[in-house]
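Structures are listed in the sections that come next.
Shared between the two complexes below is chain A, which has chain B as its partner in the first and chain C in the second.
== the complex of A and B ==
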């Protein structure tokens, strides 16, 4: 596949991610911050996000498994996760976290477990999508082309 | 015998005559001596007697006279020379004093007389003053009566009571025989006796208004004496009495319209009533000036009181009228509401009821078209299909329009593909256009966004309507559709001055122009185009069918989309251009930071307005968020230090750091306390770094807390590059920044 085609595929894929709500404007901000002095900024941030989130999700699972759930701690974790996801623009993960926090306030264990499932789902989806995106970028770079700058006309 | 100087007495000394003279002289002397004593006694008693020395003189005179007479007693007999001398001295003195007294009396008596006259004069004066006092008292009492009368008159707003009270009180105050009021009749030509003092229900006497005596009274504002024989004064049954004096005064009848101007109204063309007052017969009483004045004053007061009563009556009437109107309006409103409800119900039912059979007809006719048919049958089926399509469109239009009119229609906003909409319209119109051999061209501007937020269905309906109109009214030639993003100059249409498009960051204005080369429209018909059911009268259009609702509906939709639609045509036969502008949203921009539209090049230019070497300290517990913030600041050229806890922050912060960014929404770490500790650490103001709070939500509480602890600004996460840039520049320029959201 030649570079032009790959670039077009990347553009379409990215666009679809935005359309479907996986990513929002914040992600574009990150891409803006990437330049010659900082060529892998986005990848680094997103990797950090993945590591952080895995840990947080584990902690959350453990916390909600307890017989006496410490909702304060759960809330703190979810807050962290919300913060991270909004910083990189993972919109659906962030929205799921917001819903989660509401149930934490109500101290509803059942609902919290459901939300946790939801968050995990969204997170893995987002992780998949982002990893595919990075793979595409890598392919383009390997083929000698440059990653096209996202210029969304909206 | 030689010293006897007296003549030999003719009679003997002790004859009877001599005896009587002797006794009388003695008594005279006695009296003469006692009178002065009495005088002195009385003068001592009275302090006022002005002529004391006269009395003394008088007393002396009397005493000397007495002495003379006393000494005379000795001269009856032979007496010595001494006695004679004494006698002579006494006589001489007496003569002197008595002459003096006589002279004195001449002076005094006139004075005494004048005192008398003065006394008389004063007595007269006193009597006169008494009389005048009596008069004044009467006047004052009358004045009091007037005040009381006025009070009585003004205390009621009932016309009848006012007049009756006036007459009664006047009668009482002035002790009148009769008092009457003549009011002008409706025609204004006669005066009718309306109220009298002594007859409760006066017979309706009338008197023509143009009598000379009445004119005389009306032309003067004073009370006028009239003859008791004139028609208005014949109030008492004629009797043997001499009628008392009669006075008449005019009473102006003021109307509401008199009080339009601020100064006292002109009384030239106004109506008057006549008040007639009659003094008691046979009393020889005269009308005094002050009584006339009283009558005039009362007449004026009555006029005012009557006009107040009239005003009140009118205002009550007006109020009643208003209430009636209110009730009627209310009823009308309720009826209108009922009608609307009925119509809505009807429409709702019809909506469903009409569409169902329509749908059946269309569906089955199209199915029928697919089967084997003879040419005539095919023609018939096609006609059925065409007519039923028309009918369906008509039903839809009517139903749409009614819901549009109600204002109940709401646009369904969603993100859609703008290009696809135009392509769809083109697809739909192609067959019809090609049958008429019309060429349709579509021109989309390159800067037209591919996606937009709006009501796709209705936008398509509008474009389709406009384009099909163009096709309908063109017999030949071409149709061109152009669409582009409207910039400010092309946004304004001089024919629609009330259309003020406001460009903003989240929206853009789509301008679509459809130009055809058809029959055109004459300029005077243009305004009719958008009215419901109105059609232009040319034969060509009448054949094309259509309900005339299409453009009206388009106009409603365009208005809902905050836009404007109009048609330009140079005249019949010259084609026309339909233009509309609608406001569409830009997707992805609703509540988040603005998407960068500028290409990468300009960001590098912008990053020159950066902050090289600015030392910034960032405190945030969240690793990812910290990294992003760091990336932002590094991109702007800052020298960034990262800390993740309050203690670390306080340890690291120094006067070299110009800005400290603290995340205050992290539970477990008190950003506010950190801010306060930084304040304590740096006592000198210019050494202290500027503190900015990063927060995920803004509400008043957070705002207040930040201000309380002395933070210099608040920034809402997530932070975009531009926002960070503007925040830092504002901060460094003004040393304070508030609410960068």
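== the complex of A and C ==
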């Protein structure tokens, strides 16, 4: 596949991620912060997000597994995850966290467990999609091309 | 360090004149960023650096106070911290909240003049009010964007130009009147508070996504303030 085709594929893929709500405007903000002096900024921040999130999801699983669930702790973890997903533009993960927090307030363990499942699902989906996106970018760069700057017109 | 004579001479001259910084350095704003989230620290650091600020990022209020030399328990002996021109802090942090940090800074005679900006993911009016009344310069709803950082930088430059006279009066009357100063900032920089947050990027090919506005841009606390201050 030649560079032009790869670039088009990347643009289409990125666009679809926005259309399907996986990513929001904040992701574009991050891309704008990337330049020659910081060529891997987005990948670095997103990698931090992955590490952070996986730890939080583990903590959440453990916290909800306790005989007496500490909902304040659960809420604190969800709040953190909501914050970092919002900061990188992972919209669906963020929204799943918002729903989760409502049930923390209600101290409803069953509902919280369902929410945790939902958040995990959204997280792994987002991770998958972002990794694919980065792979497409790498292919372009490896073929000597440059990653196109996103123009969003919708 | 063995240097050629010219460099050594320049260094000595700097000391004699009392200047620690070269002319270009005095223009760079030094920001102390406080956030317990690693992801957010990385983002705010980059946002500030790309806006030509020097940044020191710490992960807690405690460390921020230590950096400033304000921590009672850990006195940094003889360490004259780099002059801090602005403090930007997250609100929700374990241990010391951003609000508590704000209070400590405003209570200190050495540091109360440093503008403090609070960031929070929750757009709660009562929280915003409380912070502004305690003397916060501004309140940013997360996630932080380039336009937020630019707005703060612009406001800061304007404040510095306002002049000592007015600031003396402000100090006398306390924190509440900081709003007035901010209000005048907002009136003159109205373009930066438009709902479809334009990021002032020089390149015409980069357009902001017209994705649904986050509540923050529509219910901007600064806009709300314009409406409630009626004198």
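Simple rule for what comes next: the second predicted complex is superposed on the first by the 153 of 154 C-alpha atoms of A that agree within 3 Å, B and C clash if a C-alpha of one lies under 4 Å from a C-alpha of the other, contacts with A are read in each partner's own complex, and residues count from 1 in each chain.
Note that in this section a contact is a pair of C-beta atoms (placed from the backbone, for glycine too) under 8 Å apart; a residue touches a chain by one contact, two chains touch by 3 or more.
Small disclaimer: the values here were computed from a predicted structure and weren't measured.
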{"item": "First, second, both or neither for A:109, with chain B first and chain C second", "value": "neither"}
{"item": "Touching partner for A:75 - first (chain B), second (chain C), both, neither", "value": "first"}
{"item": "Chain B versus chain C as contact partner of A:52, first or second or both or neither", "value": "both"}
{"item": "A:44 touches, of chain B and chain C: first, second, both or neither?", "value": "both"}
{"item": "Partner chain in contact with A:25 - chain B first, chain C second, else both or neither", "value": "both"}
{"item": "Partner chain in contact with A:86 - chain B first, chain C second, else both or neither", "value": "both"}
{"item": "Contacts of A:33 with chain B and chain C, given as first, second, both or neither", "value": "both"}
{"item": "Overlap of the chain B and chain C footprints on chain A, listed as residue numbers", "value": "18, 24-26, 28-30, 32-33, 35, 38, 41, 44-45, 48-49, 52, 76, 79-80, 82-84, 86-89, 149, 151-154"}
{"item": "Sites on chain B touched by chain A in the complex", "value": "415, 449-451, 586-589, 592-597, 599-600, 603-604, 621-625, 627-628, 631-632, 634-635, 665-668, 696, 717-718, 720-721"}
{"item": "Residues of chain A touching chain B in the complex", "value": "18-19, 24-26, 28-30, 32-33, 35, 37-38, 41, 44-45, 48-49, 52, 72, 75-76, 79-80, 82-84, 86-89, 149, 151-154"}
{"item": "Interfacial residue positions of chain C with respect to chain A in the complex", "value": "37-40, 42-43, 46-47, 50, 92, 94, 121, 142-146, 199, 201, 203, 205-212, 214"}
{"item": "Contact set on chain A toward chain C in their complex", "value": "18, 24-26, 28-30, 32-33, 35, 38, 41, 44-45, 48-49, 52, 76, 79-80, 82-84, 86-89, 149-154"}
